[in-house]
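Here the structure comes first, spelled out in structure tokens, and everything after it is commentary.
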Amino acid sequence: MAVDKDVRAALDTIFAADSDLYQKRGWNQRSGFGERPAILNIDLANAWTRPGSRFSCDDMDAQIIPGVQRLNQAARAKRVPIIYTSTAFCSRFDMGAFPLKTPFEDLLIGTPATEIDSRIAPEDGVDTVIIKKRPSAFAGTHLAGILRAGRIDTLICTGVTMAGCVRHTVEDALGEGFRSVVVKECVGDRVPAAIEWNLFDLDMKYCDVEPLEYVLNYLDSLESFANL
Amino acid sequence: MAVDKDVRAALDTIFAADSDLYQKRGWNQRSGFGERPAILNIDLANAWTRPGSRFSCDDMDAQIIPGVQRLNQAARAKRVPIIYTSTAFCSRFDMGAFPLKTPFEDLLIGTPATEIDSRIAPEDGVDTVIIKKRPSAFAGTHLAGILRAGRIDTLICTGVTMAGCVRHTVEDALGEGFRSVVVKECVGDRVPAAIEWNLFDLDMKYCDVEPLEYVLNYLDSLESFANL
Amino acid sequence: MAVDKDVRAALDTIFAADSDLYQKRGWNQRSGFGERPAILNIDLANAWTRPGSRFSCDDMDAQIIPGVQRLNQAARAKRVPIIYTSTAFCSRFDMGAFPLKTPFEDLLIGTPATEIDSRIAPEDGVDTVIIKKRPSAFAGTHLAGILRAGRIDTLICTGVTMAGCVRHTVEDALGEGFRSVVVKECVGDRVPAAIEWNLFDLDMKYCDVEPLEYVLNYLDSLESFANL
Amino acid sequence: MAVDKDVRAALDTIFAADSDLYQKRGWNQRSGFGERPAILNIDLANAWTRPGSRFSCDDMDAQIIPGVQRLNQAARAKRVPIIYTSTAFCSRFDMGAFPLKTPFEDLLIGTPATEIDSRIAPEDGVDTVIIKKRPSAFAGTHLAGILRAGRIDTLICTGVTMAGCVRHTVEDALGEGFRSVVVKECVGDRVPAAIEWNLFDLDMKYCDVEPLEYVLNYLDSLESFANL
């Protein structure tokens, strides 16, 4: 869902001035891909991908889901590992401090709301599904450890929400030792402008934001990870 | 399962000399209970509690399971939170580096092996079950965060194995800001002497090791956490 | 440094629409203060607080430093713990993956650049200074553990940068079990609009953003933590 | 310092029986070296390496320090990264819950007690020194992230204490995605038998325990990491 024309113009003015300032000071560098990527599909479960939930995000059916389908297919062709996250809880105690700010009571483990969208379903016993409890896919999970054990150095990130789980994940990734590439057409939110400014912040300081076709070309160019 | 008489005597000699040395240097202190405990039942799932698995531990039917039943009951009477862990994986990638040293291929999510033993079954929607991937209940999990949000300051620990998950959990607990009390009759292993020396190391430096009756009396003396 | 009038108007339009959407869906709640706060002054070291560095932030002399001085004084009067962070490294290896995106080579341990600004100097042996390596004050540090041990439940946050370390810290805080209150006049960046949109995102989903006078009144109303 | 003859015999009996049991169940495997090692010298600071402190460990002058000197030299010849840890605090609050069990008041940042022993001094600006606050070199530090960023997959561990920091570090390493090799002659404690049983537990489940000459030969066989 696009922001309106005046807002778009105001944001473009800000981003142009700010990216210039960042560049002069030494940020706004490209990190590129490393040697071994994995796909990380963040919270593409029904509560976020289907309409009618308080978590529902925009642009799912026409843009994000088809984009992730293409990415997954390109990754599978090269045996690039695919990791999914969902956010789900088993009790009020399991939610910790989040209910102070966030309505998590709909996100129960074992319900359809927290299952990965069937249009991009994980392959049983092959893909890895992480049930996380916090926005970041790294915070309070074992993700960093298994990426390192699998010699992964780059995360190709999709999913939702841009102002929440995607941003927090990418912030953590660099500190945990990984590059990230966020696929522009495959990330979403409930709030259009929040996508814009969070992509801007991340691209300046934490990761590369790249178009889908660029990432697909990169995956197609890889040799197969058949020996993983 | 008891260690034999000569080994017992040798260990007792070592422990007496060493606890004296620790005491003189300032360790071997009692930390006691804080103000708000939770029960942490570590890896009491069928792979560990039932015979016939490579993970099977000793002393389950006559000692550990009945002890945990009594602890859980005493805790429920006061609405003290009860947390269970199990160790379970969804793919080879999910296991990270562990297969280099440890045979984890039997521990699959959703199989009976990794379900909590039905004799001490969690109460649905009330208790908290954490599916961990590493020995420590803290490492790569959200446990510390939810304990703090629930204002818990003390963990009453049971489970297996003493040389693995129980030890690692208790080591992490102190650094994460929590006291631990390990219930002597409710922890086990596959290797009897390993219980002895790990309890000794922990009691000197990381936690209090206490008998079951002492912990039950403590729980009975608490006011109810009805307002949790 | 204020954003210009047109940008301000565009952002206000977005924020009004988005906060309404958040509210309807169950976010945009106030978490308030808990029972025991600590002050967390994030990266108020010379590289960020003094002019002439690539890290230099706006509004330091007239606004942020005087505000933090008042907060620290109010906190000391009640023996509320004060924690400072700085970001500093001892070798290229120590920086990990950050140089891929961020110019950290000026931030060496033991140089004036990474020392806390003398106008708000820590009290030796009383305050706590954490040398962190990542944006978040929690990521790769022991902060959460010592807050829990000190029975702190609320972080009052100041410092820089809003789009980097402050945001990431506040995101982590909730998952680690803590409330945060960000003091509006005491946070800064190099990029004015980034302050606005990051404060908005955080206030909707992760913390309460409150004015300085409100927080000072709260601190003045506390009983002394003399027994800490 | 060797354990006495009877104790030695009792421990050997236990270890033989237990390693057999572990082997039959699928543990007691060798993980070996990976492709890129780093040296991790744990808490070889004056409080532990010099006599007269409550933390002083045995076997330093004749065995551990000379062994670490040889390892460091072999590593420097191949530009293998060398990482040191020390444990040091700046305030009582900084110690968290440890004083409940452990006497940490002598371990202040910036005092000789917590500085690395000059006989194995770090090379300024080249080696990495991590000031940790917990037993494990991973817990509450950024170690895992910088190892990953440096593409390290194996830790060669030395230092003290075996029942404390060395054990906890090695337990964490595997979960964080790294192999460890503990150098038998280069680890120590205050309590001789604790070295034996902790080396046994670790070797069965978490790492390979190897003699110094074996590790030196391995380092000598490597190509230089000149491109790190």
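A, B, C and D label the chains in the order they appear, each numbered from 1.
Everything below uses one rule, namely that contacts are C-beta pairs under 8 Å (C-beta built on N, C-alpha and C of every residue); 3 or more make two chains touch, one makes a residue touch a chain.
This structure is a prediction, so every number in the text was calculated from the model and none was measured.
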Smallest number of contact steps required from subunit B to reach subunit D: 1
Selected interface, A-D versus C-D, where C-beta contact pairs are more numerous: C-D
Superposing rotation of subunit B relative to subunit C, computed on C-alpha atoms, to nearest 5°: 180
Whole-Å gap between the CA centroids of subunit A and subunit D: 37
Distance between the centres, which are taken as Cα means, of subunit C and subunit A, whole angstrom: 25
Residue numbers of subunit B (touch at least two other chains): 96-97, 133-134, 139-140, 142, 145-146, 148-150, 175, 177-178
Residue ranges of subunit B in contact with subunit D within the complex: 3, 6-7, 9-11, 13-14, 18, 21-22, 25-27, 29, 31, 54-55, 96-98, 100-103, 133-136, 139-140, 163-164, 167-168, 171-172, 174-175, 177-179, 190-191, 193-194, 197-198, 201, 205-207
Interfacial residue positions of subunit D with respect to subunit C in the complex: 81, 83, 90-91, 93-97, 125-129, 131-134, 139-143, 145-146, 148-150, 228
Parts of subunit B lying in touch with subunit C, wherever the complex brings them together: 142, 144-151, 153, 175-178
